[in-house]
Structure formats: structure tokens, C-alpha cells
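One structure, pasted below without further comment.
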Amino acid sequence: MFGGSRAAVRLVQDGTAMTMAGEPDHRWFPPGTHITVRGLSKQFNGTVIYENFDLDLPRGKVVSVFGPNGCGKSTIINMIAGLIPLDKGDVLFDGKTIDETRIGYVFQNYREALFPWLRAIDNIHYPLKLMGLSKRAREERVAKLLTRFDVRIDFHRYPYELSGGQQQTVSILRSLVMEPEVLFLDEPFSALDYEMTLFMRDQMQKAFMETNTTMVIVSHDLEEAVYLADYVLLLTRRPTRIADYVEVPLPRPRSAETLSDPKFVEIKSHCLDVFRREAKL
Amino acid sequence: MFGGSRAAVRLVQDGTAMTMAGEPDHRWFPPGTHITVRGLSKQFNGTVIYENFDLDLPRGKVVSVFGPNGCGKSTIINMIAGLIPLDKGDVLFDGKTIDETRIGYVFQNYREALFPWLRAIDNIHYPLKLMGLSKRAREERVAKLLTRFDVRIDFHRYPYELSGGQQQTVSILRSLVMEPEVLFLDEPFSALDYEMTLFMRDQMQKAFMETNTTMVIVSHDLEEAVYLADYVLLLTRRPTRIADYVEVPLPRPRSAETLSDPKFVEIKSHCLDVFRREAKL
Amino acid sequence: ADKVKVGVFPVSSALPYFVALERGYFKEQNIDAEMVKLMGAPPIVQGMLTGDLDAGANLVTVDGMNADTKKDGLVYYMSLYGQNKFAQMEQFVAKPGLDAKTVKDFKGKTLKIMSAPGAGNMAMARAVLGAVGMKEGTDYTLTELAMNLHVDAMKAGTFDAGYTLEPNGTVMNKTGAAHTVEAGVVSKYIIGRENAYAFMAGGAITGKFMKERPEVARRFSAAWRKALKDIEQDPTTRELLKGNTFTPADLVMTIPLPRMLMIDQLSAQDKKDFQKVIDFTTESGVLKQKVDTAKYLVVLDKKAAS
Amino acid sequence: MNAVLSFASARLGRLRPVLGVVLLVFVWWLATVMELADPVLLPPPQEALKALVDGLVSGPLLFDFWQTIYRTVLSFAIASAIAIPLGVILGAAEKLYRSVEFVIDFFRSTPASAVFPLFLVLFGVGDRTKIAVAAFGAVLVILFNVAYGVMNARKTRVLAAKVMGAGRWRVLIDVYFWESLPQTFIGMRNGISLSLVIVVVAEMFIGSTDGIGHRLIEAQMLFEMPTMYAAIFAAGALGYGMNWVFLTIEKTFVHWGGK
Amino acid sequence: MNAVLSFASARLGRLRPVLGVVLLVFVWWLATVMELADPVLLPPPQEALKALVDGLVSGPLLFDFWQTIYRTVLSFAIASAIAIPLGVILGAAEKLYRSVEFVIDFFRSTPASAVFPLFLVLFGVGDRTKIAVAAFGAVLVILFNVAYGVMNARKTRVLAAKVMGAGRWRVLIDVYFWESLPQTFIGMRNGISLSLVIVVVAEMFIGSTDGIGHRLIEAQMLFEMPTMYAAIFAAGALGYGMNWVFLTIEKTFVHWGGK
């Protein structure tokens, strides 16, 4: 099992460059990769966050990102999603350009990501509007989503009239409604209550299994990270490197029983060890 | 054990009014109570959140508040702290008025609670400045705090240059530096990484044991809620009532072992049952 | 009917326009006159330059001549309005309590004096004060002030004296803000004869109008002539000052009017006096060059009539 | 009891602007009673009020009032139509804004009375010049405010729209426009006041046969101080009225300020 | 390579405002070449430039320039000293603001030229009147902006300060003031431009022997268009310069806008 994970790491770290003439930067990456990051560097005001960083995100898999505060988790998914500029390096989407890819994104800062001039329901409608769907098509799709996520929120309120957890829920729904090809979730359940978190995790897994979306999810809850993931990406402190890239070869659908599966427990404790070692206070 | 918790509830719910002449609203409350809420009502745009709500917060104890999203946890601690007006009812501080009480507060919306025009370190200094401390005294106190919380954050950055977790850490430090008499924490660890969360929990416990601060902490992590608390306040959905007010009579200091203490497990599962029953989706 | 656009500065000297209009003299000549009310000479000259205006009912002559130095043949005068101590226009006033019968009596007092705005007016005021032997800086200070603030300023006691124009003079006398010390000072001190007319404004038309529509210009001039004649002979024309111009309703019958003459009614002496006033402004640096005024004085309707 | 109280306070809320009028008139009245200035120069408010009412009821002031409103509203409408979209675009492209900032700040700092000659050249001596100058002035301040509103927009919201696939234009319309709306309203209130000021000044100094400015300069020339103050009062009240309209729209429309 | 590029772009960044000047002069030049207007009315830029240089080097324009700067800066300083604290206070007490809003909007909508008589009475005809009117005008717009900045302040920050024990005054100084700072700078830039405009207008219409406005009206009345445009250019450039000062201060000082 850890062989798999190490292999995944090796692909990136040891990958011999199949240099095309004059294109030394595009190192080899494994087939089935959806998003490839190569030679990425990023500084903020002189502080190095990433230096020559490589990463592969496999197509149709869930990658959990786990790492200490301030190591650059939000930064890297922002860069991959094209929201902030890289200093150096490339982010390659297999097949399409980033603009052609339908991206869902739940911001860590969920409070500021909703549009306060739109009611919650219209916030959810908004990405569908961008896709050019007719009003009827949109309403159908939103209705379907809301039936599935039968949450008790008054969607006719404005975002600032909702509680923190409700805002985060709306934010998640907005990212799901467009049925994205790639979904970035930055601590998406941090404000949800106990029950809601469990519910959302399962819905997420279901949605993933139905659509095979490529998902990247940042979480500080190790159990959650491993439970949801096909791969767990463990990051070090700054300057950030990959501490480990662990495969989670547990069958889906996973359920409460998975949590006590010895394999699960083993992976979890391995991750914890790596994290403890790399992320010491 | 549950007798204790039920008793705590009864104090409020069944408490026979020791009516002083013409003051029928001030019902009896038990000795040792620090903050008393009586007959509190609150609506938002016609939606009832609280209706004739009573609550006692014991002096020098930690009360965890656990409840579903949008039930009004942030609202009630805001009202107790005097940040938003009540529609009806009273909040009584034993002995002092609220203005005389030194209050610490970590906002759920930690991103907006820091002052972006001050560096992180000056944000921490700020409450001490308000208390009228000299520069030297302030620096001593902040230094002491930072030695104790030996976190790797560049405190000379502005808040918006910090990651979410770092901002939340600064927010927590700011609330602790003034050594408050009452400390309100609204999901204070939601953005912290695994290690940091454990560290903060323990530091919180330590600080509490040293100073005997009255603490109210909102958390969606049941383990955390029970681990930290002397009493767990379980809230229902709106209109919000007290589902249960459970005493946690475990000795301090608590540690990783506490988590496997059968008493701890029992209380936790009792709380979960109550929550499940009351907060069904 | 032929359209003629006339720039009108709504003070008493604009009266010919209103007489010609109200008494139907334009209509008689098959002219459809359109009034554009404009505040003072600069916008009227502008309007003439851009071709928005064909004529000006009462264009200040210094400004007209100045315009001709910038663009030769822009402005011509078909009539001139003369002022002196009988046909009062420009005048020195003094605050109540300041005892002065003529400008000469200002001498010996250190005075704060305000002046009508513009380099021309300032030069005239200076020349007059200089002529009585007063020196700027030691004997007096001169401050330029917009016309609409003159009465306020005198009433507020901000100045000891002022060089002002009608209708401000009359209004000041009536309200007690100030009293007239001496009117017709340009005639007396600059031309040198009290009875001479100082032709400070006139009915103007543009060179373009004259050249491109000479026939219409002739008829326009004829209408103007009739209006001037009425004003000279019939005091009831003054009723038209009311409402049309900045003339207090109760003063229309008494407010001084300049003597209004068509160019052919000017005597040789008048023309010389006019040249002298213009020369004076050139000497004092207001106009940048010497102007031969005769070039810009035209008679449009006589030849055809005779 | 409570209902009565809250009703009373709502009434007071409505009446609050009136408090301002009362305050202003009171100070004015006090100044005249204390004879701070010659009563001819500063007549007591009741006289000005009489002149105002007379002017409105039987005099020409009502017509002047409408003329000024017409010119102001027209120039403001033109200005808004130009400045709001342009401001959003320029604000979103900060580098572009910095390039034209000189022009904007330049003309914002140039008095309307100074550019009258230029506009007279372009638009002739009629109403068009007045409206054009006023629109020009208003464009600058609205543009300036809108652009700053956009530049101070919350970045997360912009990113959210972008990542959902909104193109440049959609981001402008769907986010920047809304984000800058509180600032846009400030700009519009600045703009409508400035339009009014310029229209009145143009009526005063370019010349006009009607309008509050015309009435004002006439009253000044004829030294009819009550009429002059009536005209000033008409202009000021008109300005407040138009601001009030925007304030009301803003209150129902921009509900999220600071949230 | 990259260094060169970023250096070049930094240079361009510095030069960006110059682009605005070039643009303006180019449009002007084009208009004269195409003879859009009579050359007497709209002289080519080089003539105005010559008049500007002549006026600055050997003529009176340099002195006028300083006079106008002096008056503008003084009036602006007075205005800021009054308006910023008052704006913070009024903005924080919204009900109070609504009560005086009438007065503010009223005078914001009244042209300075209309209130000249009043100020003439109070302050005489000298520099004091000009400075007073300009300060008065600037107070209103700065106050208006600051108050709105305060009203749109983020509520959480205010609550944070309150709960830490900050009294009313501390909240005003420590939170509202800072929160409104981006808006305050907008207000100050509006204010300095307005001060300049009013000073120039006052120099134009109420007795002045110097200042850009004096030069301007003199040139306007005598149709010395190159001199007039030189004066306008001086005023506009001065306005831009003063705005630039605030822009620069703002950029180093208000680093948190929109974050």
C-alpha cells in the first residue's frame, strides 16, 4: 500500500525528464494525470512559499491536502485554479485549457466568496447563469440539488443574514450545482455542525462516484482527509515540499465501518507520523 | 453524573421565582452563577431565534455550546457579550456590569475581527493599550504570551498577509493577552491544523486552570466540546431551547487519556444522542 | 423671414433690441430676431467667433476692438452709445459719510476702492484717479470685483469708494449703500471735455453677417435705427427695460440711459473722441495694438435708403 | 406601549431631515436677530421665505425651478450613462486608470467657469453648453468614485466569479459593478450636486433667460436680497431633494454595505 | 531578461501619468490641426505652452501659481482639520448625521459663487473670504465622504473593539477612523480639487490682484486665449499634482483596501 503511495511520489520527484528539444521543463508525467504542476515557484514579499515544486493530480480521483497552517495549501490550489499568478513554473491541464475547464471552488474564506447582493438561492443560480442555461433548466437543476441536499436553510435570505455554517453550506452547494470537472474545496466543512459534516462528506463521496470529478480537498481533519481521499498529499512547512503522497486504496462507497478498517487506521497513523515529523511546532 | 447535569437544567427551567415585590422577571438563580440570562427573546426579520430563554453560566467554569448550524450559538454569545441588542429579557453579570467586566472574544468570523491596519503583533497589543498599560508592561506581557504559545508566525505581517489558520491563531492570542474574566470563543479552532488544535486545546485548559476564567466555547467537534467543558450546553433547532445542560465532572488536567476514560465516552455518547434527536436534518 | 441671432447683455443699453422687437420693427423688415442672453462681452464675442451670433445689442467697444485685433473684421459697429455726466453710466461712488463732490475730493484720503472688472475698466479708473494726482498704493488701493457683487460690497462697507457702472450706481443711491460722486469721468478725465461722449458700447454686427447677407444686414440696421429714434423721442420705451434687463422696476423711468446714435449720426468730433478712448486703452496696455476705429464703424442702411 | 414608542421613533426618523431645515433656518434667524450683518444684506428668513413663496406661486421662480431641474437632470443622466460603465472598466484595469488619471484629476481641479469658453466653442451659446459642461463635470466625479469603488472591491468575490467561469465582461457586470455600488451612489450624489452647481453657475455667468441661476444673478444685480436668498434656498433645497432621491434608492437597493 | 522587463515595466509605471498628459495634449493638438474651432478660440497647444513658459519664467504666472497654492493648501488644511473628526463622529452616530444631512447636501448643492455675497459680508474682500469659502466647500465634501466611509465600516471590527473594552471615543479613533480611511482619502482628493476650484473661482470674481484665477479671467476678458489656456493648464496640473500627493500617501498608508 505504501509502495503505491511512494510510487506516486516518485513519479514526480524522480521522473526522468523526457526532454523534447528545447523544452527541458516539461518533465514526464504519468498517464491519467489531469493536472500537472511543474517547477512552480512562489514568493510573498520575499518569503519563499514554493520553490521548484512539482505535483500531479490524477484524473477522476480525490486528493486530500493535509499540512500545517500557513504552509501554502490555499496558495497552491489558488494557483492551480488560476486565481493568483505563479512566479515561475507551469500548471498544465490535460486536454483542455483552464478556461475551458469547468471549475468548482469552495473558498476557505466562504464568507466573502458569496455575493451579498444576491439571495442565497440566486448565488446558487449564478454559475448556471454563467453557463448560459435557461431559467427553466437552472431551476430544475437547483431543485434537484436542493432535494438531494435537503438542508433547512431559508434560501431566500441574503448571505449576510445566514449563520457561518449556513453560508458555508450555500457556498458548497454553489460549487456543486455546476457539476464541475475539477472541484477545489478549501476546508469546506470547517463551520458545519457535527451532523451536517457527516452528511456533506457522504454526499460529496456520492457525487464524486457518480460524476468522477477530479477533486482536491484541503482539510485539517485527518480522519476526514483519509476517508474522502484516493491520495493524501502531505505537505511540509515552508518552503513547502511534498512530505508524502499516500495512496488510499480502500473500496468505495466508504462508510462508518471504513473508519475502523485496519487499513484505514494504518494509513491514518502513517499520515499522522509523517505530519508530526514534518510539521513540528 | 446525569443527575448533576439534569440539576443544572432544573435550576433554570423549574427554578421557583423568589419574586421580590414588583420584580417578577428576576427568577432565582443558583449561587456561583456568573452570568444569568432571563426571559431573553430575539427575532431576526420576524424569524424567532429565542423566545423567553433562560440560561445560567457558572463562575469560573467552562461551558461548551453545541448545537446545529443556525440555531443561534453566535447570536446568544453576541447578546451576552453585549454586541447585539436583545428584543426582550435581561443579561445579568454577578457583581459587576458588563462594561466593568474584562471580556475576551474570538469571533467566528476571525478574518474580519482583526484590524488590517495593524500588524499582527500590534493587534495583540491593542487590548492592552485599551487597558492603559505602559509600553513596557505591554511588551512584557506579550512576550510572556508568545513564549508560552511558541507558534511560528511572523507577527510583523499584516493580518491579510497571513493564512486563515494564522489569522485565527492571532485572534485567539489577542483574546488571551488581556487575561479576561469572561472568555467567549466562537469556533476558535475551526481553521487550525491538527497539531495546532491539540496544542491550543491544552493551552486553553492550562490558562483556564491558572486563572479560573469563565469560558463559553462554541464548537462543532463534540470530543473537543466535552474535553474542554465543565458543562456542555446542548441547543435545539430554532426556536432555540436548551436540549440538555450536561455536567462533565472529569478531573483536570485532562489529557489524551481522558478521551478513553469510560465516563468521558459515556458523556460524549449521551450528548450525541441528545443532539441527534434534537438536531435531525 | 430672415433669422438674425442677437447677443444681448441684459442691462439698460440693450433697450434698442427690445424696442425693435416689441414695436415690430424687426417684423416690418421681415427679420426674425432671436435673442441670446449672455452675461457680458466675452461670451458675446465668443458667440460671434463661432458663428452662433450675427449681432450684439450692446457690445462693449473696447472688447469689440480687441476682438478685431485678434481676428480682423470680426466685429463692426452700426451704432454707438455715448455716456457722460448727463447720460450717466460709469461713475465713481463713495460710501455714506465720505464727503466728496468730485473725484478730486478723494485726494488726501487713503481709500480702498473697488472697480468694475476687466483690464479696460481698471485702466480707466486708474487714469481718472491718476489725473487727480492720486498714486496707487499710497493714496488708494484698487480691487477688481465682479459687477454682481458691487452693491453688496458697498453696503457691507468693505470699500470706501468704487468705480462702477449702471445699474449699480442707481441701485446704490436708492438703497443708500453709496452715493454717486462723479459720473461721466471718462469724458472728463480721459477725453478731456465734460460734454464729450464716451462711446463705451454699441450695437454690433459681425463681418460675416455683413458680407454674406448684406441685404438682411441692411434691413436689420434700419430696424435698429427706428428703435434708436423711438428711444430718443419717446420715454415710454423705457417701460421695456422692466423685466427684460437688470433694471429695478421702480427705476425704469429715471435710470440714466446712454445717448444712442447710429454711426452716420456721429459728428467728426464724436469719431475723434471715440478714437481717443480706444487709443487710451492701447496706451495703457489693454489693447495690444493701435486700432483704426473708423474701419469698424459702418453705415448699412443709409445708402440704400438714399 | 412599545408600539407607540417605536411608532414615535419611526416618525422622528422621517422627520429627521426636517430637523436640518429647522436648524439651518434657526441659525439664519439668530444671525439676523443678533444683527451679525446689515439686515439689508442678510434679510431675516421670513422675508426670504415670502419671496420664495411669492416667486413660486405667482412669480417666475417656479418656471426657473423647472428649467434648472430639467438641465440638471439631463446633464446628470448623460453623465451617469457615460461615467458608470467607464468607471467600472477603468477601475478594473488599474493600469489604464493610472494612465488617464491625469486627465481626470486635471479637469476635476479646473473650475467650470474656466472651461466655459472651450465648451462655448464646441456647443454654442445655448442650453447645450450648460448641459455639456455640467455633464462633463459630473462625469469626472462619478467616474472617479466608481473607479475607486471598483479598485477597493473585495478580491475574494472577484476571484469567486472568475473561477466559476465568468469572463472579463461578466466579472465587470456581475461583481465589480455591484461591489462598487455603495461608492457609486456616493459618486452619484456628488455628481448630481455638482451638475446642479454647474448648471446654476452657467445660468449665472454664461447667461440665460431662465433658471435659478438667472434669477440669482438678477436678484444680485438688482440688490433684491430676499429674492437672492430665496433663489439660493431653492437651489439648495433642490440639491437636497435630488440627494434624497438617491439616498432613498440606495437604502432599499444597497442593503449589504459593510456586511 | 526578466529583470530588464520588470525594470521597463516599473519605468512605464512611473511614466503612466505622463501618458495622460501626452494624450490630453495630443487630442488638443489634433483638434487644432483639424481646425475644429477658430484658432483664435482654440490656439494650438504649443502657443499655450509658450505662454505658460513665458508666464512662468519671466511673467507673473509663477507668483500667481504660488498664491493659488498657498490659498488652496491653507483652506484645505482648515477644512480637513474640521471635517475629518466631525465626519467620523457624525458617521458613527447615523441618526445625528441624518439630522444634519439636509444642511450638508444643501450647501454642497449651492454654487460657491452664490454664497460669495454672504462670505463677503462676514470676511471682507481679502484673502480671508477666498480661503473661507474654499474651506467651507471642502469641509462639506470631505465630511460627506468620511461620514459615509464610517457608515460603511465593517461591523465585526467595530464589535471587536467594543468587546475588548474600547469606549465610544476609542472606537471612533481606533476603528471608525481607520475603517473610513480609504473613503477619507477619496474625500480629501475631492476636497483638495474643490478647494482649488473655489479659490480659482474666487480669484476670478472677487477682487484679486494675483492668483491663477485672476490671470485666467483677465485673459478670458481680453481674449488672450494662449494665456487663458496656459492658466487653465496651470490650474489643472496643480490639481493633478495635489491629487498625486494624496495618491502617494494613500498608497503607502492605506495598504489594506479591499482586504
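In order of appearance the chains are A, B, C, D and E, and numbering begins at 1 in each one.
Criterion: a contact is a pair of C-beta atoms (placed from the backbone, for glycine too) under 8 Å apart; a residue touches a chain by one contact, two chains touch by 3 or more.
The chain lineup, named per UniProt: A, B = ABC transporter ATP-binding protein; D, E = ABC transporter permease.
Remember, it's a predicted structure, so these values are computed and weren't measured experimentally.
S.K.: Based on which chains touch which, give the shortest step count from chain A to chain E (ABC transporter permease).
M.R.: Minimum number of steps from chain A to chain E (ABC transporter permease): 2.
S.K.: Averaging each chain's C-alpha atoms to get its centre, pick out the one most distant from chain A.
M.R.: C
S.K.: What is the distance in Å between the mean C-alpha positions of chain B and chain D (ABC transporter permease)?
M.R.: 49
S.K.: Whole-Å distance, chain D (ABC transporter permease) centre to chain E (ABC transporter permease) centre, using C-alpha means?
M.R.: 17
S.K.: Centroid from C-alpha atoms only, then distance chain B to chain C, rounded to Å. What do you get?
M.R.: 85
S.K.: Touching at least two other chains at once: which residues of chain B meet that condition?
M.R.: 109, 112
S.K.: Would you pick out the residues of chain C that each touch at least 2 other chains?
M.R.: Answer for chain C, listing residues that touch two or more other chains: 42, 46, 49-50, 149, 152, 156.
S.K.: Which residues belonging to chain D (ABC transporter permease) are in contact with no fewer than two other chains?
M.R.: 37-38, 41, 117, 121, 154, 204-205, 220, 259
S.K.: Using the touch rule from the top of the page, what pairs of chains touch, sorted by label?
M.R.: Pairs of chains that touch one another: A-B, A-D, B-E, C-D, C-E, D-E.
S.K.: Which residues of chain A touch chain D (ABC transporter permease) in the complex?
M.R.: Against chain D (ABC transporter permease), the touching part of chain A is residues 78, 81-83, 99, 102-105, 107, 109, 112-117, 126-127, 130-131, 158, 160, 174, 178.
S.K.: Which stretch or stretches of chain B touch chain A in the complex?
M.R.: 44-45, 47, 66-70, 72-74, 108-109, 111-112, 150-154, 161-166, 169, 187, 190-197, 199, 220-222, 237, 272, 275-276, 279-281
S.K.: Which chain D (ABC transporter permease) residues qualify as touching chain E (ABC transporter permease) in the complex?
M.R.: Per the stated touch rule, the residues are 13, 16-21, 23-24, 36-38, 41-42, 95, 98-103, 105-115, 117-118, 121-122, 141, 144-145, 148, 151-155, 182-183, 186, 189-190, 192-193, 196-198, 200-201, 204-205, 213, 216, 220, 228, 231-232, 235-240, 242-244, 247, 257-259.
S.K.: Across the complex, what residues on chain D (ABC transporter permease) touch chain C?
M.R.: 37-38, 40-41, 116-117, 120-121, 124-126, 204-209, 214, 217-218, 220-224
S.K.: Applying the document's contact rule, which stretches of chain E (ABC transporter permease) touch chain B when the two form their complex?
M.R.: These residues of chain E (ABC transporter permease) touch chain B: 154, 156-157, 159-160, 162-166, 170, 174-175, 178, 181, 254-256, 259.
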